[in-house]
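Shared between the two complexes below is subunit A, which has subunit B as its partner in the first and subunit C in the second.
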Partner chain A sequence: MPRITIDGTVYEFEGRPKLLQFCLDHGIELPHFCYHPALSIPANCRQCLVEVGMPVIDRETGKPKRDENGQPVIQFMPKLQTSCSLDMADGMVVKTHRTSEKVARAQRDNLEFLLINHPLDCPICDQAGKCPLQIQAYKYGPEGSRFEFLKVHKPKRVKLGPRVMLDAERCINCTRCVRFTDEISKSHQLTIIERGVKNYPITPPGVEFDDPYSMNVIDLCPVGALTSIDARFKARPWEMSATPSITITNAKGSNCYYWVRDNLIVEITARANAAVNGYWLPDEDRLDYHRFNENRPDGPEVRRDGRLVRVSWEEAYDRAVELLAGIDGRRILFLGSAYATVEDNYLLKRLAEALGADTPVYIPHIEPGHGDGWLRTDDRTPNAQGCQRLGILPVDEALVRSRLESGEIQAIYVLEDDPVGSGLFTAEALADIPVILHYYNTTNQTLVVADVALPAATVVETVGTYVNCDGHAQRVRPAKAIRTVNRVLMQEIGKSRLDQHGTPYDRWYNEKHQVDCKPSWEILPEVAERLGHPLRYKGPKYIMQEIAETIPAFAGATYEAMGLEGVRLAEIGAEV
Partner chain B sequence: MADFIKKPVVPLPELHPEPQIPADQLFFTEEEKAKIARFKEQYLEPAGAVMKTLWLAQEKFGFLPPEVLQLVADELGIPYAQVYGVATFYTQYYKEKKGKYVLDVCTCFTCQVCGGYDILHYLEEKLGIHKGETTPDGLFTLQEVECLGACGSAPVLQVSNGPYVHNLTPEKVDQLLEDLKQGKLPPFVSLTLPQDEAELGGNRRSDAEAVESYRTPPIAHHTR
Partner chain C sequence: MATNGAQSKAGDWRNYKRVLLPPIRDLHRLEVYEAHGGYQTLREVLTSDRWDPKSVIEEVKKSKLRGRGGAGFPTGLKWSFMPPVDDRPRFLCCNGDESEPGTFKDRQLMEFNPHQIFEGILIACYAMSVRTCYLYVRGEFARWIEHMERELEKLYAKGYVGQNIMGTDFSADIVIHKGAGAYICGEESSLMESVEGKRAYPRIKPPFPAQRGLWGYPTTINNVETLANVPLILHNGGEWFASIGAPNHPGPVLYGISGHVNRPGVYEYPTGMLITDLIYEVAGGIRGGKKLKAVIPGGSSTPPLRADMIDGVTMDAESLRETGSMMGTAGLLVLDEDTDMVSWLRRVAHFYAHESCGQCTPCREGTGWLENILTRIDEGEGRLRDLDLLLDLCDQMEGRTVCALADAAAWPVRYTILRFREEFEARCKPSLIPTGIDLTPTS
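The block that comes next holds the complex of A and B.
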């Protein structure tokens, strides 16, 4: 196997990897700006320079020459090489800044050049704190600048499109954004204009940067030149904690980070997962966080004298049971939800089985023409596939409507959905029968007919599993705290210190903006138990374990296996 | 900061530019299309022909407003943004309407040392315009450009992407403007670098003789 020596350590490699990617894969940090694994390699930032040499081959014997100590003679290339574009070769010897003063000097001087026209507005820059230029200038850069002249001025605060703001002075012309629009999103909306010190990326005249994936350039930008208009000046990176999770805007379940401050979701950024979304996230997913912050309910309510009245959770459970107890189980319609987790739907199905009701059905939310065959789908729910794998199928609208009209359905139990808002039933049709509703937002139109309204935890507050449209099962973790104490959520929520349950550095830690809601996997067992059907689990992890063991469509989807990247489940048709 | 308060967000410039070439004139003839097709054949990718095609378009339309860039992009089948990037890179491509004669005064290192800025400012005063502007009669546009590659005869200016005027002095500039006003373009001039300073009395400027044909043979003597 070919070998390469990097800073005196020998590594074996296969194929012809690029040196920079190989180093990054092996934990050898090299500073770089323009290189991105998903994009072409222009090698224009000149930051990843290394010294590279090859053993000298004796032309007569065809063997490497050796010096008097028996060591191979290495001939170094006269100039430093950009490691990002360098193909590795057998016997290559590489010196990084750790062993070569020349390389360290080159990297330092290159940073001095990059910073010559870079404005020192880090204190007001959104990127400060997560800025590769800032970090690498601290680590590898010079102590100061010798440039004491006027900096070049370029357009600032240019609104490139509805979602992206450009500050051309901060740009270091790495061209990542241009390459993204050329190679990944293929919208070709950006280009570098002018030349020399004056150049910067912008759209050509008459073109707006309205690419549905435009905000990815904000993640790509290694400086603060491209910032999000939505998140601008809202919070600094160190004021937020980031929780790895998935977005629920559509059925793709793209991986993301939820950035939280004071229990509000401030920003959603992409998280790399080669099996689902690569490095990218559509704009609609990034901007779809208001549903977690706004119009959230405040505790459970029951209907008394025609009005919803705030009660304790116990009273709400009791009322729900009181309404359900008198009704034959077969006459209760259980509506599952493609918004809810697999665990929640499974518990609902178990409850329905215990009461002798039909298997729950779910309301599909399909928006034809919305998908683009990439990261946006027609299906606007995150877990339709998970429901189907559980045997919860799309509702037959005509059938349930006629059953409701004929009086066959005498109660409805809705899990985290909105049958009135989605047009399945009219509010009048449900007025006379008990409706028990788990819901996320007070904009839910079924609330006007709900007899028991139970606020449910959203994807950023719960623990659970979602299955995307390709059958990729992924876990979600709580990003923010809810008001009620739940041991499982407390264990799962991200903590900055392992020895303490939350510190002020965990941005869910304070009590602001906590919503009085509960995950459905906590509500459903409470209701089931009061109806005389014990449904106790130690937590969603154990529910999922049972699902993975008993339902073949979920084989292998345990929490341990899913981890951060998820598990690709077998095709549904495969086991049939 | 005050500027920021006044203009917290700068909109994109020219989001809906007014077309400057009438729509009925905005096309390539069959002959030009055939030419562009030949350009394309010369390169591996159609994008390679962008510079020649832009040049052709500039000769046809006089300058390159956005709608012409779009026309070039469509003709070559490459992104509009890419054509725009190329066009803005070169000062020789005119992105807006220029005067009849464009005076590109070099102010790069050598010309700067030899008085390039003096010539530029002299022209600014004489024409009553600033660099980058066009005289009201539409005759002259004055531009400051980077190295024209004639450092040996600095300071230098170029007229309308064509002939150079070497070893500029205010008198030469006056003469040039007079000639241009009468529609007389300066001739092509080839200059050799002074070989021996002592022989030329230490004057590197004016003793070099100008001819209107290539004096330096294209291939060096010793390589023949």
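The block that comes next holds the complex of A and C.
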């Protein structure tokens, strides 16, 4: 196998990898700005320079020349090479800044150049704290500056499109954004204009940067030149925790980070997962966080004298049981949910089984034409496939309506959905029967007929599993805390923080923004137990373990197997 | 003139007969060009058994023709880099984007002898089995583009360009492509980007154009003057060409002489001319009988030579390299004793700052910074330490970018300061912080 020596350590490699990517894959840090593994390689930032040599081949023997110690004689190239664009070759010897003063000097020089016209307004820059230029300037850059002139001035607040703002002075012209629209989203909405030290990226005349994936350039931008119009100036990176999770805007389940401050979701950014979304996230996924912060309920309610009244959780459970107890299980319609986790749907199914009811069904939320064959799907729910794999199928609307009309359905138990809002039933049709509702937001239109309203934890507050449209099972983790104490959530929230040891007493702990809700996997066992059917688990992890052991369509899908990037169920032997 | 005993390598140049720009009236018209034997060489190459693509390349190699665009790369060798013919398209680009200060020789060819360029292009196309050539001309040459297009139409009408040229099974098209005013488009890979309709950012090499050029296909890029030499080589033989001028850098060359001379202009002579002959005899000496201060031998990017350095120096790659400069495009800038070198260098730095494409960090930021400092020195606000900073910045730019523009911007700064340091020091205020650096001027 071909070998390469980097800073004196020998590595074996296969194929013809590029040196920079190989180094990054092997934990050898090299400073760089313009290189991105998903984009073409322009080698324009000139930051990743290294010294490269090849063994000298003896012309007569065709073998490498050796010195008196038997070591191969290495001829170093006169110019430093950009490691991002360098094809590795057998016998190559590389010196990075760790072993070569020449390389360290070149990197320092380059950072000096990058900083001379950079505004250095880090104290007010949204990127500061997670800025590759800032980090690498501190790490590899020079002390101070020898530049004693006015910096070049460029447009400061250019609205490139509805979602992205440009500060051209901060731009270091790495062209990642331009390459993204050329090569990935193919909208070709950005280009570099002007020349030399004046150039910066902008849209062509008359073009608006309204690419549905436009906000990816914010993630790509190695400085604070491109910022989110929605998120800018709202929070500094160090005031937030970032929780790896998935978005629930559609059935793709793109991987993301939820950024939380004061127990509110402030921003959603992309998280790389080659099996699902690559490095990208649609704009609508990024902006879809208000549902976690706004119109959230405040504790459970029960209907008394025609009005929903705030009660304790115990009272709410008791009321639900009171309503359900007198009804034949077969007369209760259990509605599962493609918004809820696999675990929650599974518990609902278990409860329905215990009461002798039909298997739950779920309400599909399909928006034809919304999908784009990439990271957006027509299905606007995150877990339809998870439901189907549990045997929870799309509702036959005509059938359930006629059963309701004929009086065959005498109660409805709704898991995290909105049958009135979705048009399955009218409010009038449900007015006379008990409706027990797990819900996320006070905008849920079924609330007007709900007899017991149980606030459920959303994807950012719970632990659970979602299965995307390609059969990829992924875990979610709590990004923010709920009001009530739940040991499982407490443990998970600690683990999922960027700093790995966050506690509810961190500075972003904010009681006001804690929603008094509970994960459905905590509510359902309470109800089931009161109905005489114990449904006790130590936590969602153990629910999923049981699912993985008992349902062939989930065979092997344990939390350990899913890890941070999830698993393709078909690949671990689960039935499709 | 003292010549240190060195001889001109140009032989009997006073009786030299011009072959690139022969003294024939209206030669730019097809009728006149043909009446003087034009396109006979092409006909010979296409129809005679003596010539096949391989032997044409061999003949060009034998001629030792070196590119006239500045880098001086052997042309025949470059042609032989083209991969074997397969079913992919192949391209030739003829580089007429002449834009460096002090260089203005290609435009003479395009104005007075465009058909020799076309004939050279067609022979080169034949040699490399290329079907399409893009003649990339600097957009400011609007008048010559217009008349070249007119002449090209005549060629199409006569069957000299296009399908089945001269009734043979060889076909080739020539497309004249107008630049839009950027110096960087003269760099071969950004020229290709420009032809492709993109922003002219130079490409990283490898891959070289012969492997992946225009639209990813094998491509060769040659300068206008280089290709204009090709019909001469094929007509008179490679040995004839190799015998003209300096042995290692032979052939006729268009010297563009500008600056403080009595008769500036483009002069055709063999390579290897003594710089002193060019200044004092060809160009009629320094204006106003003044003394010489400096010569920039090959366009503004080549290091300037002090007057005391040019004795015995001839215009060919070897001699100029030994002296500490380069042949470049043989565009000589002559500066007399009254020239303010600081001001001159400031103007050159301004050009490169203005023309840097801005792709690579060291060039984008470095060229602007160089201009900033030189402006300050020129305005009398500079400090002595600025000179060392300038040299430092040259170190930080050279060899660290995708193309050679950073080098081209740094060389004049570095060598003008090294060779005229007293003049710069005289303009600078003392540094606030004393430096311990040896300030003795060196060449």
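FYI, the second predicted complex is superposed on the first by the 553 of 576 C-alpha atoms of A that agree within 3 Å, B and C clash if a C-alpha of one lies under 4 Å from a C-alpha of the other, contacts with A are read in each partner's own complex, and residues count from 1 in each chain.
Quick note on the criterion: contacts are C-beta pairs under 8 Å (C-beta built on N, C-alpha and C of every residue); 3 or more make two chains touch, one makes a residue touch a chain.
Since this is a predicted model, take the numbers as computed values, not measurements.
Peer 1: Are subunit B and subunit C a fit on subunit A, or do they clash, once the structures share the same frame?
Peer 2: clash
Peer 1: After superposition on the shared chain, which partner residues are touched by A:R46: those of subunit B (first), subunit C (second), both, or neither?
Peer 2: Touch status of A:R46: second partner only.
Peer 1: Answer with first, second, both or neither: which of subunit B and subunit C does A:I192 touch in the superposed model?
Peer 2: both
Peer 1: By the touch definition at the top of the document, which applies to A:P155: first (subunit B), second (subunit C), both, or neither?
Peer 2: First partner only, subunit B.
Peer 1: If you count the residues of subunit A that each partner touches, which comes out higher, subunit B or subunit C?
Peer 2: Result: the larger residue contact count on subunit A belongs to C.
Peer 1: Let me test your reading of the model: by the given contact rule, A:P123 touches which partner, first (subunit B), second (subunit C), both or neither?
Peer 2: After superposing on A, A:P123 lies clear of both subunit B and subunit C.
Peer 1: So in the superposed three-chain picture, is A:N173 touching just subunit B, just subunit C, both, or none of them (first/second/both/neither)?
Peer 2: second
Peer 1: If we overlay the two complexes on their shared chain A, which of subunit B and subunit C does A:K79 touch? Say first, second, both or neither.
Peer 2: second
Peer 1: With the two structures laid over each other on chain A, which partner does A:G144 touch: subunit B (first), subunit C (second), both, or neither?
Peer 2: neither
Peer 1: I'd like to know which partner A:N110 touches here: subunit B for first, subunit C for second, both or neither.
Peer 2: So A:N110 only meets subunit C here.
Peer 1: Clash with subunit C: which of subunit B's stretches 6-14, 42-50, 132-140 or 168-176?
Peer 2: That would be 42-50, the only stretch with clashing C-alpha atoms.
Peer 1: Identify the residues of subunit A that lie in both the subunit B contact region and the subunit C contact region.
Peer 2: 191-192, 194-196
Peer 1: Which part of subunit A faces subunit B closely enough to touch in the complex?
Peer 2: 155-160, 165, 178, 181-182, 188-196, 202-208
Peer 1: Going by the contact rule set out above, which residues of subunit C touch subunit A in the complex?
Peer 2: Subunit C reaches subunit A through residues 182, 199, 201, 204, 353-362, 364-369, 372, 376, 389, 395-396, 399-402.
Peer 1: Applying the document's contact rule, which stretches of subunit B touch subunit A when the two form their complex?
Peer 2: Going through subunit B, the ones touching subunit A are 4, 7-17, 66, 69, 79-85, 88-90, 146.
Peer 1: Can you check the complex and tell me which residues of subunit A touch subunit C?
Peer 2: 41-47, 49, 78-80, 82, 85, 106, 109-110, 112-114, 116-117, 146-147, 149, 152, 172-173, 175, 191-192, 194-199
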